[in-house]
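Structure provided below as C-alpha cells; questions to follow.
Should a chain be cited, it is by its letter among A, B, C and D, assigned in written order, with residues numbered from 1 in that chain.
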Amino acid sequence: MTEKELVEFRAEVAAWFRDNAPDDPGFLLPETFMEVGTDEQFEFLRDWQHKVYEAGYLGMAWPKEYGGGGRPQILQDIATQEMAKARVPFMTNTIGLNWAGPLILKMGREEDKKRYIKNILSAEDIWCQGFSEPDAGSDLGNSQCRAVRDGDEYVLNGSKIWTSLGTYARHMILLARTSTEGSNKYAGLSYFLAPMNVPGIDPKPIQKLTGEYGFCQTYFDNARIPADCLMGQEGEGWNIAMVTLTFERGATGGQAGGISSMELTVNDVVELARRVKRNGKPAIEDPDVRRQLVNFLIESKSNRLMGVRSTIPALASEWPTAVMMSGKLRASELNRRLSRFALSMLGANAARFVSDEATDGGKWQRGYFNAFSATIGGGTSQIQKNIIGERVLGLPKD
Amino acid sequence: MTEKELVEFRAEVAAWFRDNAPDDPGFLLPETFMEVGTDEQFEFLRDWQHKVYEAGYLGMAWPKEYGGGGRPQILQDIATQEMAKARVPFMTNTIGLNWAGPLILKMGREEDKKRYIKNILSAEDIWCQGFSEPDAGSDLGNSQCRAVRDGDEYVLNGSKIWTSLGTYARHMILLARTSTEGSNKYAGLSYFLAPMNVPGIDPKPIQKLTGEYGFCQTYFDNARIPADCLMGQEGEGWNIAMVTLTFERGATGGQAGGISSMELTVNDVVELARRVKRNGKPAIEDPDVRRQLVNFLIESKSNRLMGVRSTIPALASEWPTAVMMSGKLRASELNRRLSRFALSMLGANAARFVSDEATDGGKWQRGYFNAFSATIGGGTSQIQKNIIGERVLGLPKD
Amino acid sequence: MIKFTDEQSMLLETAADFCRNHGPIEKVRASLDADDIDRGLWQEMSDLGWLGINVPEEYGGLGLDISSIVPVVESMGRYLLGSPYVSSVLVAECLASCGSDSQRSEWLPKIVAGTIGTFALTEEDGSWVLDDIEAVGTVSDQTLHLTGTKMFVTDADVADLIIASVKIDGAVRLVLIERNQIPPGNLSREVVIDQTRRSFRLNLDGIEISASQVLAGSDLKAIELNSMLMLCAEMSGGLTGVLQVIVEYLNTRKAFNRLIGSYQSLKHPSADIVLSLEAAKSHLYYAATLVSDGDDNAETAIRMAKAQASEAFAFAGDRAVQFHGGFGFTFECDAQLFLRRALWCQYQHGDENYHCRLLEPLLLDQAV
Amino acid sequence: MIKFTDEQSMLLETAADFCRNHGPIEKVRASLDADDIDRGLWQEMSDLGWLGINVPEEYGGLGLDISSIVPVVESMGRYLLGSPYVSSVLVAECLASCGSDSQRSEWLPKIVAGTIGTFALTEEDGSWVLDDIEAVGTVSDQTLHLTGTKMFVTDADVADLIIASVKIDGAVRLVLIERNQIPPGNLSREVVIDQTRRSFRLNLDGIEISASQVLAGSDLKAIELNSMLMLCAEMSGGLTGVLQVIVEYLNTRKAFNRLIGSYQSLKHPSADIVLSLEAAKSHLYYAATLVSDGDDNAETAIRMAKAQASEAFAFAGDRAVQFHGGFGFTFECDAQLFLRRALWCQYQHGDENYHCRLLEPLLLDQAV
C-alpha cells in the first residue's frame, strides 16, 4: 500500500472512533480485562468489541475465511494505534484475541479455526485461561490439575486460579496433567480448548484487594469434556503453553490487534496534575510534583526508546536480550509507581475510594491497587529480576 | 559525683580542648584511624593522642595501676563528648584503645596488663588487628593463617589483610589457626598478642581507591613469636575474637574512650550547604538540596532517637534486637549517602579531588570514597541486612 | 530525651492487652463499612477511663496531657481497631484549651462518660492548611447561620458534638455543633480507602447554632499537631502489625522449594521495614515527650515523625501486598487492610512531601 | 524515531575495534595523571580521519554532523580512553558555526590534521550556567586584554588553541587563544576525580590577543548541548564497561560457598543497571538523531539523556565498588576507575537535579 493510502486509512479510523466512541456509561469502567467485575461492565464492553469488529477494525489481518479481515497487518497496527489514541474502552476478549486466537490460527486444526475464530473477534465467545494453580507458585510445571482419558472424554479434577472473565467465558485454554509419569514434570502436561458450560466446572469469583471482582478460581469436579478438545498430542501441553506465552509477551505477531487495556500514561498523570489541587494549589505547580513528573516522563521515554533502539542491530548493547526480557517488569513497575504517585497529588482526597465524590470516580486509587496484578501475575517483579540477572547477564542461579 | 561537679568537669574539659586543639597542620588529616596514609599524618596524630592522655582525658576509667585514671566512667564519657564537640583530631591508636586494651583488661594476664595498657593510652605502642584474610570473605572461621608451636615459639605463615596502621604498629591482635582438626572450623583457631617487629612479618601498604594508603596486607613468612603471646588456650581463639568484636560494636563498655573518628554529621553538610555555591547560588537555597537535607536530618535524628528509645524496656518493639544489630548498617550507609550527597552540592567543583583548589581540600570526595570501608568492612551492608532479616526477624537463611 | 513514666507503662500494658483481645482480624473485617460503631467496644473503653485520660481532674478526668494517649492509640493501630476514640479525645483536648468555662463544664464530663466528639475541618479541595477554608458563619441576633461543606468528618453520624471550622467576619473560628442541630440529610457517608473508618460529608447549609457555641479560642495548629501525633501513634502500631503479617507469610510460603523469606529480595526490604518501624516508634515517643514538656521543638518533632512514618508505613503496606504474591492481590489477604490504613494516615494532615517542605525553614534557616 | 545510517554503523564498528585494541585497562592505568597525552594514540585517531568527521568538506573534513561522533566517543567511553578528542571535535564544531571565514580557513584544516583544541568556560564557583562568568576582555586599539580565571580546561598544556568565554562590553563572547599567547605560569594542573582527564586552571590575566580572535558568534547553548551529547556517549560506554566488570566479578567470586552473583542482593541491582544502560543508550541515540535532524526537541532529548545517564552511571560505579567487597576498596580494582569517570561526567555541565529542573518548563508548561 502506498504511504498516501495509509495516511488516508489512519484518518478514516480516527474519524470512526471519534464518531463512535461510546458515551460514559455512568459507572466506572475497568481498565483491563482482568478487572471486569460486574455484569453491566461486561455487557458494555462485549457490545463495544462487537461494534469495533463489525466496523472492521479488529482481526483485520486474520484470514478472511475464518472471520478476519484478510488485510495487511500494517492496517491493523494503524487501527490499534488510533484506538489507543482515541482512548476508547479496550477489547475485552483479550485471552481470545491475543492468546487463544493466534494459537489456534498457528497450531489448531481446520475445524477449530472455523469453529472459534469468528466468535473470538465478535466477542460472541469469551475465552479464559487456565494455566496458574493456587499452590503451584510461578512455575507452571507444578500444575496438578488432572485430565484423565475415559473413552471419548477427559475427566477433569482440580482447580485453576486467576481465571479472568471466568464466569462469562464459554471456553478456556487449559493446561492439565494427563500423566504423572514421564522424564520430568513438564512431560505429563496436555493442552485443551475446553468448554466452560459443562457440569462440574465451577468458576468462583475471587474478591480482589480493591473489593471488586474480575478473577475466578475455577474448580473442576469430575467435569467431562470431549476428547477432541485436546490440542496436539497428550504430553505436548508444556510446549503449546510456551507458544501461547510468546503471544502473551507480544514477542511475535499474530494477535488480533486492538487495545487490551486502558494504558495509564505519564501524560494522563500530567493532565491530572493540571486539573487537581494538592493542598489548595494546582498540583502541577508543586515543586515536588513537578520533579516527579519529569522523572516519570524520562522513564517512560526510556521505555519507548528502548523498544525502538533495540530493533537496530548495530545499536544492540552487549546484553541484547535485556530489552525484550524486561518489558513486563518495566511496564508493570512503572505503572505501579505512577498510579501510586498520581494518588499523592490529590491531597486529602487521596484517601477516598471508588465513589462519585472521588477524583475521576476513584480510578486512581483503584488503579494503584490493580497495578499489583501485573507486578505479581506472570512471575513477580522479583522473579523478573532474577530472570534478567540470570538469562540476560548470565549470573548464576540462586 | 554531684551534678554540679559533673557540670564543672565538663566545663574544664571543654576549656582544655578549646585551648589545646592543635593548629591546622597544613595537610589534609585523615578522618579515621583506617586512613592514616603518611608519616606526617601518623606523627601528628600520635603526638596529639599522647597530649590528650597526658592531660588525663583518655583511659580515665581504666585502672590506675596500669596507667589509667581510675576515675568514674561518667567522667570519661563527658570528656569524650567534649572531645567530639571540639572537633579535634581523633585518637589514632583505635585498635589498642577500643579492642586490644579492653580485651587485655578483661581477659589478659596481670603481666599483659602491666606491659601493654599504659603504652596503648600514651600511643607509645600502636596496635593493629589481624583477623581478616584475603580469601576468607566475611567469615572469620575460614581463617587459614597458620601458627605452629615449635618449642617456646609459634611459627607464623600466611597473611592478614586490612591491617590498618600496620607499618606503625608494634603489636597485633592476631587470629591464627593452630590446628586443622577439631569438630568445626572454629575450633582450631587461637588468639595471639603478637609483636610486629619480628623477622618474617611484613606489612605491605595497600593503595586504597582514593589513591592513598591506610591499610596493609601483612605477610607472615616463618615468623617466630614467643609462645607466651598466646592469649588463653590454644583453640579458644574464636571465642576471644567474639569478645573482641563486642568491644568493636561498642555493645559493652570497657573502651578507653576518646573519639576514634571525625564523624561526619548532617550538620556538617548543612554548614557546607551554607557556604558553598551550587551553580552560582548558595547551595542551601537550592530546592533539591533543601529537601535532601531535611531527609538526612530526619534520618540522622531517627538513628539518634532509636538509640535512646531502645534503652527504655517498656518501649521496646516486637523486634527488640533490631536497633542494636543494625547500628553499623545504619551509620555506614548514612555516611556513604551523606558524603555522596555533599559532593553534589559543589556544582562543577564536585569533580575535583584532594588538592588545595578543592572545597575543604577535597575532604568530601575523599570522604565518599573512604565511606565504602564501613559499608564493606566488618560484613558488607548486604550481609548486615541478611543478619537483620534472619536474627532479628527470624526469617530463614539464604 | 525520651521520657516514659511508670504511669504510661501501665497504660501501655493495659492497652496492649485490651487491643490484642479486641483485635482478632476477623472482628476487624466484620466491622468494615459498618453502619454503627462497635458499641460494646466503646463502652469498655469508656469504662476503662480512657476517654478521660487527658481531661482535667475537675471535669472527672485523669488530668494527664494528650501525649499520654499515645500508647493507647499505638496499640489500637497495631490491631487496626476503628473507633471514635481519637476524635473524641482530640475534641476534649480542644475544648479544654479553646472552650469557654461553660462549654468545658458542659461537655468534658460527658466525653469522659462516653459522649462522642469529632471534627469537621477539611473541605472539598482536600487542602491540609486548616485555615484555608470557605465555610462561613453569619451572625444575626444571637444565631449563627452556617454555610459550606466539610469532608472526612469521621463518625459524624454517631457524634454528639462536632467541632467545625468556619469563617466568621473573615476570621477562622471553631464552632461546636450538637447532634440535634444537624438537619436530616445534611450528612452523607463517604467511601474512603480505609474501610475501618466511618467517614462523612457534612453539609453545613441550613445549620443554625447559638452564638454561644463559638469557641473562645481557635488554635488550629494545636488541633493539627495533636491529630498528627495520634496519626503517628496509629502508624507506628500499624507498621508493627503489617510487619508481623509479612514475617509470618515469609516464614510459611514456599516458592521453588524454598521458604520465600530466604530470598534476599524479600528479606532485605523486610529488614528495611523493621528499621523504619524502629525509627517511627522512636520519633513518636520523642515527639510525645516534647509535647508533654511543652517544648518549642514539638512542632518540628511531630512533623518529622509524620513525614517519616507516612512514607515508611505506606512502603510497608505496598511491599506487604507484593510479597504475598497472588494471595496479596485478594481481599482475603490482610496486607491490603494495612495498606489502606497506611494510605489514610499518610493523606490526613499532609504527607511526607508536605511536611518536609514545612520543615525546611524550621531546620535549615535558623542559626545553627 | 532513531536513525542510524550504514555510514554510522561502519564508523561504530571501526571505533569499537580500535578502542578495544587500545583499551586494555593496564594501558589506561599507565596513563593516569600522565604528563603528556598518548601521542601515538592521537596520531592514529588523526590518521583514521576521526578529527574531521564533523568538519565541512571544504576544510578537508567528512562534512557529517556532530552526532556522527557519538559512536566513536561511546566506544572510547567503554574502555575509559582519555584524549583531547572530544574537546578538539567540539572546538571544530564551534569554529565551524561561530568562527569567521578566516578563522575557519585557518584552523579547521589544522584540526583535521591533528591540532588540539579545547575550551575554557567554567569559572571558580563551578556554575553550570555558561554565561554566568566574570572573565573580561578589554579592547584597546586592536588588542584584547583578558582577565579572569578558568577552570577545568582539559589538555590545556598541549592545546594549540583554546576557546574561552569572556565578557566584552558586558556581553559574553568567545575568543580564540593560541598556545603561544599564554605566558608560562598561567597554566596549572588541577587534581580531578577522573584521573584519565588532564585538567588545568588557566589564568587569563596578562593574556593579550588580537581583536580579530573574537569569534563572530557566541552560541554557548550549542556548545553546552554538543558537549552534553558527547558526555552522554561517554557515559553510555562507561556503563557498559562497568557492568562488564561487575558481571565478571559476580561470576567469579565466592562467599559462603556460593558465587556471589547468585545472591539477589547483588543480582537484582545488576539487573537494574543493565536496564539503566539500555535506557541510556536509547536516549543517547535518540538525542543524536534529533541533533542530526536539527529538531527543536533536541535540547529536551539531550537534557533527558544527561539526567538519566548521570544518575545511572554514578549508581553503577558506586555499586561496582560495593559489590567488589574488600577488593573494591583498593586502587587495584577497576571499579573505582569507572566510579571516578562517572562522577566527572555527572558534574560536567550539570547533574540530574539541574537538568530535571530545566526540563520542567520544557515538559510541563507547554500545551499538551
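As a working rule, a contact is a pair of C-beta atoms (placed from the backbone, for glycine too) under 8 Å apart; a residue touches a chain by one contact, two chains touch by 3 or more.
Not measured: the values here are computed from a predicted model.
Novice: Look at the interfaces A-B and A-C and say which one is made up of more C-beta pairs in contact.
Specialist: A-C
Novice: Please name the chain that ends up farthest from subunit C once chain centres are defined by their CA atoms averaged.
Specialist: D
Novice: Distance between subunit A and subunit B based on Cα centroids, please, to the nearest Å.
Specialist: Centres of subunit A and subunit B (C-alpha means) sit 55 Å apart.
Novice: Can you give the whole-Å distance between the Cα centres of subunit B and subunit D?
Specialist: 40
Novice: Two or more other chains touching the same residue: where does that happen in subunit B?
Specialist: 287-288, 291, 382, 385-386, 398
Novice: Show the residues in subunit C shared as contacts by 2 or more other chains, in ascending order.
Specialist: Within subunit C, the residues that touch at least two other chains are 258, 263-265, 268, 357.
Novice: Which bits of subunit B are touching subunit D when the two form their complex?
Specialist: 132, 134, 137-139, 161-162, 206-211, 277-280, 286-288, 340, 343-344, 346-355, 357-358, 362, 365, 369, 372-373, 375-377, 380-382, 385-386, 398
Novice: Under the touch definition given earlier, write down the residues of subunit B that touch subunit A in their complex.
Specialist: Answer in residue numbers: 287-288, 291.
Novice: Once bound in the complex, which stretches of subunit C touch subunit D?
Specialist: Per the stated touch rule, the residues are 263-265, 268.
Novice: Could you list, by residue number, the parts of subunit D that touch subunit B in their complex?
Specialist: Its residues touching subunit B are 122, 125-129, 132, 151-152, 190-195, 201, 254-256, 258, 263, 265-266, 318, 321-322, 325-326, 328-333, 335-336, 339, 343-344, 346-348, 350-351, 353-354, 357.
Novice: Taking the complex as given, what residues does subunit B use to touch subunit C?
Specialist: For this pair, the touching residues of subunit B are 267, 270-271, 273, 284, 290-291, 293-295, 297-299, 301-303, 305-306, 308-310, 312, 314-315, 317-319, 322-323, 326, 329-330, 382, 385-386, 388-390, 392-398.
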